[in-house]
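I have a structure here, written as structure tokens, and I will follow up with some questions on it.
Chain lettering (A, B, C and D) follows the sequence in which the chains are written, and residue indices restart at 1 in each chain.
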Amino acid sequence: MSDIKKVVLAYSGGLDTSVIVKWLQETYNCEVVTFTADLGQGEEVEPARAKAEALGVKEIYIEDLREEFVRDFVFPMFRANTVYEGEYLLGTSIARPLIAKRLVEIANETGADAISHGATGKGNDQVRFELGAYALKPGVKVIAPWREWDLNSRDKLMAYCDEHGIEVDFKKKGKKSPYSMDANLLHISYEGGILEDTWAEAEDDMWRWSVSPEQAPDKATYIELTYQKGDIVAIDDQPMSPATVLEYLNKIGGENGIGRLDIVENRFVGMKSRGCYETPGGTIMLRAHRAIESITLDREAAHLKDELMPRYAEIIYNGFWWSEERKMLQAMIDYSQRDVNGKVRLKLYKGNVEVIGRSSDDSLFDESIATFEDDAGAYDQKDAAGFIKLNALRMRIAAGKGRSLLED
Amino acid sequence: MSDIKKVVLAYSGGLDTSVIVKWLQETYNCEVVTFTADLGQGEEVEPARAKAEALGVKEIYIEDLREEFVRDFVFPMFRANTVYEGEYLLGTSIARPLIAKRLVEIANETGADAISHGATGKGNDQVRFELGAYALKPGVKVIAPWREWDLNSRDKLMAYCDEHGIEVDFKKKGKKSPYSMDANLLHISYEGGILEDTWAEAEDDMWRWSVSPEQAPDKATYIELTYQKGDIVAIDDQPMSPATVLEYLNKIGGENGIGRLDIVENRFVGMKSRGCYETPGGTIMLRAHRAIESITLDREAAHLKDELMPRYAEIIYNGFWWSEERKMLQAMIDYSQRDVNGKVRLKLYKGNVEVIGRSSDDSLFDESIATFEDDAGAYDQKDAAGFIKLNALRMRIAAGKGRSLLED
Amino acid sequence: MSDIKKVVLAYSGGLDTSVIVKWLQETYNCEVVTFTADLGQGEEVEPARAKAEALGVKEIYIEDLREEFVRDFVFPMFRANTVYEGEYLLGTSIARPLIAKRLVEIANETGADAISHGATGKGNDQVRFELGAYALKPGVKVIAPWREWDLNSRDKLMAYCDEHGIEVDFKKKGKKSPYSMDANLLHISYEGGILEDTWAEAEDDMWRWSVSPEQAPDKATYIELTYQKGDIVAIDDQPMSPATVLEYLNKIGGENGIGRLDIVENRFVGMKSRGCYETPGGTIMLRAHRAIESITLDREAAHLKDELMPRYAEIIYNGFWWSEERKMLQAMIDYSQRDVNGKVRLKLYKGNVEVIGRSSDDSLFDESIATFEDDAGAYDQKDAAGFIKLNALRMRIAAGKGRSLLED
Amino acid sequence: MSDIKKVVLAYSGGLDTSVIVKWLQETYNCEVVTFTADLGQGEEVEPARAKAEALGVKEIYIEDLREEFVRDFVFPMFRANTVYEGEYLLGTSIARPLIAKRLVEIANETGADAISHGATGKGNDQVRFELGAYALKPGVKVIAPWREWDLNSRDKLMAYCDEHGIEVDFKKKGKKSPYSMDANLLHISYEGGILEDTWAEAEDDMWRWSVSPEQAPDKATYIELTYQKGDIVAIDDQPMSPATVLEYLNKIGGENGIGRLDIVENRFVGMKSRGCYETPGGTIMLRAHRAIESITLDREAAHLKDELMPRYAEIIYNGFWWSEERKMLQAMIDYSQRDVNGKVRLKLYKGNVEVIGRSSDDSLFDESIATFEDDAGAYDQKDAAGFIKLNALRMRIAAGKGRSLLED
């Protein structure tokens, strides 16, 4: 184990990753570089500096990655209307590739030969961090302390702190939430505790980012989103940067009780897992993006995207963001968004996101053809007879030869 | 045109199809057989008898098909979690194949050589009726009056009634709804009128089956659905027939403001079209079925279903229910539902359907493995390292040979 | 019918399209512009000029499109390893979009308001011509004489020639081949005649571009193909243009009895059809392209391409080359070819194309890892245990809960 | 390691697995049960009995599984026209699930708690054996000696034999083939040695089951295959059992130089690997099955199968035969074969398999419609105009609104 000289750690500043700093220094006798990112998780990142210093860390990276996160990861994913297993908006999954990328870049800058993270050996996040790291720096060593050490309970961690003089401050935080949580600009997630009983309802005080529909205002909120090439560039005609868009939608969505989700999902490592999520802005974005596409996207383009979306979602969920297959699909998806421009009008009310209008200079909706009124010859109804007869031909031939679709 | 002797008409008893009866008799000099089905559209079907008789029809079929509709069409479709273009629950699409089947069967019974319907030449329904008819009776003639005649306005239809002595009763109905509507146990739909402006919000008095979320009760309703092989067999432990299940969920869903949808969709005939839908029961069933599958279905089975669902939805939307490809997919889907048994607990509140619990004797959720607590060796975290390294191998090799995924 | 002023006709110079020139002039009282393209069909195109002139045509386009055809249509299609229904290399399908494009461009240049072609009403080619024309010039009128006139036999056509003084020269050609044929640089096709009996073997004197394997040389021919970004740029180290590549491979392939195919295929218009094809160069290119990809393409990239290929092939077969969905897929496919560079060595012998070697500076084949010999630690076999155990986890859980995969 | 009491070993009777018997007895201090199967590999299996006895094995299973292998594994796979990465017929992959099943069944019969095999830690076979075992007996222990021991060269193995008194007989076999080989009724495979250079041509004396095309007879061989529900039931009108069919086709195919393949494939464990294969019978069956389907299968059924085939092939290649997803796909595939009956006539000549005729009482080929001659009204060519215009509608609308497909 002595061949690792320097390791870059994804460091939150919390108890677990602080223990990891010490454990890495001790176990591998190596230098630790900490990397702490503001991805919009809603906690200050700057305090991580003093904590890292107290642990003897010399190279400390603290970065605000919110714009890059939304612009280069969240927005591209939403261009595909991405949903995993019909429900999950991939809030955790989409943040990992960015962290993996920065871990590798910092390793390259600092001459580190390894990276480390605080994810457990049962979850998806270890896979996402490590696949990203291996893909971008193939010779990198990966240290996953939770797969190696025996500090597998909170008591043992606390004892380790005492033994190693890790700052009281970490311990003060008092009783830990019963849930394992993760947050970034796209969502906050909850796992573990009572949720491990799939029949039990999540407790109302678990949720942090949104009010319940019951507590949301009795009056609806209306907003208009402006799209350019599939991305939101303005809200209510105010131009906004990607991160600002998502912050704004999180705020307004959370106030209206939007975006709570309670599911059992299938992890890449092979088990089922209960997760609760709050994704206020993302929930709005998904509906709105489908709405702007509904008038600007060609039918077969839309259907092709729909058929490939589950695959694309699985790729991201499983941690293969930095892969050839994701980039191929992204090339196709991005190409399709050339004309996805225009406005969507939404009504937000007690957990509901209703699309009530969409308009676009690039709209393919043609009133003169779609109308139930006289269309002045824009469409010849007689064409439909031939259309139907040739679509039916193969079935008519089969039935004519005695094949029956009524029997099994 | 004189070679048609007898035609079976899908007859609603309304103005349009009454005109069609007369027009067929006159234009084709043929006998007309009327077929009127109760599919749960919420209107009496028996009055159609007197109207048909008044038009000189001798063979009149009036049937209650609600159980067959839900059991053999709606339920099989929901086993696939079917959604068209990410939003539409296919309420109209799924009723057409059953009508087509009965038209053909009645044609066979009565010795008719043609079938007819009241769908226009711009929509999907003509396709669905006729593909079904051709697939089940390949030599059948199809008469689609809206594609043939010139009675293309309400005034002309009314004039035709006057000229041909069609009962005043039809005309009394006074001002017609501005919308083109269709209803059955699964949904009611609205098209046309103001909806042809995609930016305009639907008027609140358009909706008929549900209250708005604002008008729904301030207190949530809880229900438990019991599944067997992917179908609901009981609600709150009361065994119910398929049609009763859907009626019950429509009622409770509509009361809670659930199931309204406003979209622009892509028709098979090539144009975009605005449609508004109320699908209270179906909206509940979709969420609940995903929930029961989430604990009982194998991951790869679920993903395979998700990848094929858009195709399956398109097949139904386009009218190919009676096709080899639909039956192949159904064989696969039905096979997957062998163990989709158990209960789902839902909270219904002002437009929201929240899954709050799911349980099953066939659950694949394994607390002892999923837990964040000590799992007593049920899962060896060290296995994850090998799992990740081999999943990363192809990417490590590529990166090691100089391929970069960071560049475009 | 009098509203058409000028029509651009895809004119071969043969009997059928010469009759069409006259018939269009007479029936529509319009000017006819002829367009004759050299796509490598192996016949002189210049003679079409005199024939068109003799028919009174004033605007005559005769063009050599061979390089554009191969560069912009054939090569992009082969990047996808495209095969329709497991066998057909789409030789006819891929030429139609280029002709449609030129028809439209010439219509724009000459101010024509319509296009016309000599394809029948039963085949795929009418669809391909017309979909292309409509997609590129939405207001264009299309005249398909074979769907309109009653000259549906050779005798009637000959009589029409006599009546209208169409040059004897056309008639002299004597007895027509019993087959309907089409040719371009990619292939020559045969339909009709004896082939309409699916049990009958094609006659040996039908084939024109290749010798039979029996007649091919007893000694194998070896060639090396050099690829850049998925396209062949040199043969046996001689740089060649796209059309030259295909001409060369056709020659060498045909001499070695390569590329004959006899199939029953499914037409877009709904019927099955027997077709025989000679595609010597294309048959070689398909094998060779897979071989160069086998060492340069990432596994998941290759599998994604394989899964989408049938769809891509269907799009081209059905005539949707000029569609958003084809362009989206092309964007994805082309993106994947960035590193598809290198050489493939082939042995051609009596109908067989054998890949006997492939090499590339961009090869992802790693001898040090793949070897059965000691790999000096490049790959840790113990990783496989964890890899397998987690891949098996979902199945172990299911089996542990009593699910059996041995029963049906 | 002492907790394993009895292990069932897939025993070939060769040197490697004989060493494994001894090594298991010694290392795990456990009883070893040997299982030797005749899958058509072309070697006697009975001699394995004496060898196992000499090694002290008490429970010896020797079984002829050829019929089960072809009937329940090979034939179902060929119903899907299965090919991995466009070339490989999965000869090795398809045998593993049967062996895994028998290992588990024997473990259950003999009360063994573990299974073992002789596959290395770099290949796919370890995955296939172990996934099958885990899926069918979730608590089973798996011992993969090649991942555990250090006998990683032939010299060490020989030394081990000497030390442990393993029969001289094994050593006599003299110089081992330079290739790693595997054989069963479907194919024989070669890996390693000179093949690890992807540019090097395979040596001619490597191939064992087929003559080269050059050495094949100068006169073609004709055969007729009779299909029922997608499976071959007779050759030249002689009814044959599944294994007899494959044996016969291997013989006749090998004599005609059919079925050699030389590829670089992507292993599930992440590396590329060169493999050479001889699959004479399988190569014939693939062409013939496509041919019988070409006249009996509905178009969309065929296309759906084609689109899912790569996924199905990947599932088998990766070792997930005993999985829910494979069984779902199989249910769909088998359903599609209801009417795949009839005859295919083939010409075999120097490596070529040519389909020259196909016939079926269930043929969907309709000469009266497909004909280029007058069809007496079976098909109305005018229908095509409407068919094309509605298929083009979405593109005409888009182009009419200024979208251009000619630009990128």
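In this text, a contact is a pair of C-beta atoms (placed from the backbone, for glycine too) under 8 Å apart; a residue touches a chain by one contact, two chains touch by 3 or more.
Everything numeric in this text was worked out from a predicted model, so none of it was measured.
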{"item": "Equivalent of A-C within the choices A-D, C-D or B-D, defined by over half of its residue contact pairs recurring", "value": "B-D"}
{"item": "Of B-C and A-B, whichever chain pair has more C-beta contact pairs", "value": "A-B"}
{"item": "Length of the line joining the C-alpha centres of subunit A and subunit B, rounded to whole Å", "value": "31"}
{"item": "Computed distance of Cα centres, subunit C from subunit B, in Å", "value": "40"}
{"item": "Where subunit D touches two or more other chains at once, by residue number", "value": "266, 269-271, 298-300, 303, 311, 323-324, 327, 363-364, 366, 369, 379, 382, 384-385, 387, 389-395, 397-398, 400"}
{"item": "Complex contacts: residues of subunit C adjacent to subunit B", "value": "298-300, 339, 362-364, 366, 369, 379-380, 382-387, 389-391, 393-395, 397-398, 400-401, 403"}
{"item": "Residues of subunit C touching subunit D in the complex", "value": "81, 85-87, 101, 120-122, 126-127, 130-131, 134-139, 142, 144, 146-147, 152-153, 180, 191-193, 196-202, 213-214, 218, 220, 260, 262-266, 269-274, 290-291, 294-295, 299, 302-303, 306-307, 310-311, 314, 322-324, 327, 345, 347, 349-352, 354-359, 363-367, 369-372, 374, 379, 381-385, 387-389, 391-392, 395-400, 405-406"}
{"item": "Subunit B to subunit D touching residues, read off their complex", "value": "266, 269-271, 298, 300-301, 303-304, 311, 320, 323-325, 327-329, 331-332, 335-336, 390-394, 397"}
